[in-house]
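The structure follows.
Labels run A, B, C and D following the written order; every chain starts at residue 1.
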Amino acid sequence: MSERYSPSELLICLSSRVMEDGTTAFIGTGIPMLAASLAQSMHAPNLVAVFEFGGTGAILEKLPLAVGDMRTYNKSLHASGITDIMETSQRGFIEYGFLGGAQIDAYGNLNSTVIGDILKPKVRLPGSGGGNDVGSCCWRTIAIMRHDKRRFIEKLDFITTPGFLTGPGAREEAGLPRNTGPYRVVTNLGVLGFDEETRRMKLLSVNPGVKADDVVENTGFELLLADEIGENPAPTDEELKILREKVDPDGLYRK
Amino acid sequence: MAQKKKSVPIVYEGESPLIQPIDLDGFREWNRKKTKKLVDKRMTEDEAVDRFVNDGDYIGFELYGTVRCPLSLTRALVRSGKTNFRIAGQGVTELEMLLSMGRVKEIDFTYIGLEVYGVSSVVRRAVESGAVENVVEWSNAAITWRFKAAAMGIPFLPARSMLGTDTIRRSSAKVIECPFTGEKLALIPALVLDTGFIHVNRADKHGNCQIDGISGFAIEMSRACRNLIISAEEIIDTDEIRKSPDRTLIPYYLVDAVIHAPYASWPGEMASYYERDEKHYKMYVEQQKTPEGMAEYMKEWVLDLPDHQALIEKVGAERLKSLTMKGGFYYE
Amino acid sequence: MAQKKKSVPIVYEGESPLIQPIDLDGFREWNRKKTKKLVDKRMTEDEAVDRFVNDGDYIGFELYGTVRCPLSLTRALVRSGKTNFRIAGQGVTELEMLLSMGRVKEIDFTYIGLEVYGVSSVVRRAVESGAVENVVEWSNAAITWRFKAAAMGIPFLPARSMLGTDTIRRSSAKVIECPFTGEKLALIPALVLDTGFIHVNRADKHGNCQIDGISGFAIEMSRACRNLIISAEEIIDTDEIRKSPDRTLIPYYLVDAVIHAPYASWPGEMASYYERDEKHYKMYVEQQKTPEGMAEYMKEWVLDLPDHQALIEKVGAERLKSLTMKGGFYYE
Amino acid sequence: MSERYSPSELLICLSSRVMEDGTTAFIGTGIPMLAASLAQSMHAPNLVAVFEFGGTGAILEKLPLAVGDMRTYNKSLHASGITDIMETSQRGFIEYGFLGGAQIDAYGNLNSTVIGDILKPKVRLPGSGGGNDVGSCCWRTIAIMRHDKRRFIEKLDFITTPGFLTGPGAREEAGLPRNTGPYRVVTNLGVLGFDEETRRMKLLSVNPGVKADDVVENTGFELLLADEIGENPAPTDEELKILREKVDPDGLYRK
């Protein structure tokens, strides 16, 4: 990894590039927040940030420290509450949702509830929070993960948040809204998508200095490979400048 | 009515029983008896906890992360010694305080964590050790819809969330085929709290409440409580309430106790009043990592203090002033 | 998921078919395509009706009685000649105007009447003659819960109203035994409007709306429309919206058209702006009693006028000024 | 009927006296509004007026002209919307609800939808509005009616709003909330209640100058009579003074 940018900065830039202009994105604290703010300054000035506890359309000038803090509705267009936001998502208004987790499987299902048996937990994790709701009702979800074999595994200890569940048609069969599901997985090794037919995870592009084999080796399930695997451009000078001077001037994510 | 013989399948049932049974007609009768008169409900945190909380109650806190936290009430609750609570597991510091003291028996769990600061060590210890006897899973939307169902006076709300996951398996939700569309639908059961705690920006002495900025789930939860205890940064005249009744989010008849508690959300933030005390919060995050550290924190910042005023004095006017905003949630 | 074989009985089904079928995934796809950009949506009433209303549409108006009425839009709708509407029957003058012109084919009926002035003769003629082909009954709460279900993105809401009556018999609701409590429960189906009309106090050019005082069913209905047309007493800067985002009841992304229409609610009232024009309203009440009287009224006050500006001029500045309040819904 | 007061004024005073202090009442425009206002000035200063479209706790200084007009939340404690109010009622917070209708039967069921067949209406009436909701979820309803054989009938053309439906247990059997239902019927002839056992209408007291037989004769179904039928005191000087000077200074209801 180059010293021009930190691992976090790379993730922020990669996540930022995924989001289209003129769409809405469900933002949690941390990397998604910086990614959305960077996207607003780069290619997506009309990206609408939506925060779970009620903020819509904030001008992202200061980094929120908590998912419902004042900065999530600073100069925003609408400050309501969690049901209004979750129902707006259930109604189909939210395009992107960011997710994280301790484990992910080939269908993009996520675990943020427990390591081990739920009835005798080895590690009790924070739980679904809004994760399951984002994974259920946003049109396209983007998971941001550290990439290793402990996290990218064949069978989750617990499915907290739905990806494609057991494969093609499983979301619809379960009652989840039509044509929704995982879209991208952004990791320290590359960017992954999902095969249209099998709904299994597929490597789309690798990060600078990373080879496709590295990604395969660090994945605990059989990973599909795109016909042509691209290379993600490193963060540009412009991205880094905006990120450091405007989005994260206190350098919280420069490490 | 003419009867047609039809039915819809229950295609799935979450395996956790309801921690709090549904009794809508009982809730109606309770609500009927609550006073509708404009009486003065001001009291101290201790009085409110004494009068409106019992061992074994199902309780809940309305807040989001470290924002608008009813912490003066939580500290009084801890000091009261009351225990064996069943709780709705949304919130962070409130629940960590109770969990660290072994006061929680069952949790309807959504998210208990420290957001950017990671997992809660207190929660890990309490749940992994089996000290909490029963943990039921929900999503954030689902727990709020549970309050909303209670607030609407109905036994459940349909939802298109939680479906197909272990989250619903470990919940008390059910899945049916919709009698109108035939599609599968989660049914999220109503949740009525025995006692709820909410911190607001302003209230009058009767309990009419105003909240600045986002309202989280205050509207839903306030309407889903048998007893509702409000703390407020400021107590204002009822005339002020009457000047802008569209700013009242929680009407007085829902409220049983009103506590004047400036800086109650400290070390968390309060919209348009003060920001989070990052220095103290980071210290807290470190201390909660070990049982000893957490015990020390609880002793120093909760158990050894007689009341909220003592906490305010301990934190100190200068520190609090440095956190105070000039007004309005509108950064310039 | 493990499957348990259980079911809940549908103990009753209202005998009216749904006038507007439920298609939540279609509504989701529609909402996905609506622009999220902050574009200028200001246009005239005629443009909005031309672009967003088609013959045969299911339409609805948000208001209560003679309060906060989108009448400038209604008059434009009448003048447009569009017809064969299916409508949600809450409102008075709006529906009487459309009914008297024979533009309404089907009604989901709640209350159409003149309150203290009694029954609507226009409604009587339209329904008793069979000109309206299909009338389905609901209560006021039920019709709003229908909007609320759509706003929540779910196919129905449970309710404890309408049960046991002919109102539910002539509705499209169903009654089931609750899978949690076993008690009977009405299920009120979602209602998505093709186009909705709402008059508000203030909006910016993108459609962010503020409403003073009570909000009726604006929050629910605005979220239950494929197309939403807003008229506003005042157009304000988006900076004003951003200063108090907690006053935004209808966010811009729901809105397709914004019309600046002062006095649009005349001869009805507008909270904190103007009172009802009792003299004109009484005259209207008299005229609507006969087909000839109503036709005359429609000619003079709707059909012969080219636009809202012409109406304003016809009513006259002096008359309107006499109705205008000094500000605030706070009588001194 | 004495000339000291109008028929409307009598109805207002009778309705007013029914309401207990410290309770909530669902108020529609017209007579209920004046009755609530009078009650606030007489025996029930803590009576909370609730209006269907969102006003709670208004100070009733000016007569509303419409069910959602500004006067319904003038100096009120809470201005919300119709779902908040209806759900507050569904939750059991509203004690009294006022109702009206074109027809009423022995069980207090009301018709405000149609005269004749609903599919071929002789007279199309305004419909349920909030009536059905008030009759379903308030604890005790008070119907205000003109008393004659065309209105007090054996079988309604249409049950718009539930009374006791077909008799004892029928409300609960239908799924309506426990222990709710019709409480009083206030008419130009007297005040009626409902028998605890049969749930049928029972004459409790007659208005000044009216005999029990007059009421029976003007009722189209078999009317139960209380063991002792009282006589309603005429509007007092104090009631009339408050009504005319304070509640209805423009004399809208003095006719």
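Operating definition for what follows: a residue touches a chain if its C-beta (ideal position, glycine included) is under 8 Å from a C-beta of that chain, and two chains touch if they have at least 3 such contacts.
What you see is a predicted model; the values in this text were computed from it and never measured.
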{"item": "Any chain that touches subunit C and subunit B", "value": "A, D"}
{"item": "Separation of mean Cα positions, subunit D and subunit A [Å, integer]", "value": "57"}
{"item": "Chain centre separation in whole Å, for subunit D relative to subunit C (CA means)", "value": "28"}
{"item": "Rounded Å distance between subunit B and subunit D, as computed from the means of their C-alpha atoms", "value": "39"}
{"item": "Multi-chain contact residues (two or more partners), subunit A", "value": "55, 73, 75, 79-80, 83, 90, 137, 174, 177"}
{"item": "Where subunit B touches two or more other chains, by residue", "value": "1, 24, 152-154, 159-160, 164, 175, 183, 185, 213-215, 242-243, 245-246, 330"}
{"item": "Chain contact topology (line, ring, star, complete or other)", "value": "other"}
{"item": "Complete list of chain pairs which touch one another", "value": "A-B, A-C, B-C, B-D, C-D"}
{"item": "Subunit C-touching residues of subunit A, taken from the complex the two chains share", "value": "22-24, 46, 48, 55-57, 59, 73, 75-80, 83, 87-93, 95, 137, 139, 174, 177-179"}
{"item": "Complex contacts: residues of subunit D adjacent to subunit C", "value": "29-30, 51-55, 61-62, 65-75, 79-83, 86, 90, 109, 113, 118, 120-133, 136-137, 158-162, 165, 170-171, 173-177"}
{"item": "Subunit C to subunit A touching residues, read off their complex", "value": "1, 24-25, 27-32, 34-38, 150-154, 206, 208, 223, 238, 241-243, 245-246, 248, 251-253"}
{"item": "Subunit C residues touching subunit D - in the complex, by the definition given at the top", "value": "64-68, 89, 109-113, 115-116, 119-120, 123-124, 127-128, 130, 135, 137-142, 144-145, 148, 159-167, 170, 175, 183-186, 213-220, 268-269, 271-272, 275-276, 278, 329-331"}
{"item": "Subunit C residues touching subunit B - in the complex, by the definition given at the top", "value": "1-13, 18, 22, 24, 152-160, 164, 169, 174-176, 178-181, 183, 185, 187, 189, 212-215, 242-243, 245-246, 328, 330"}
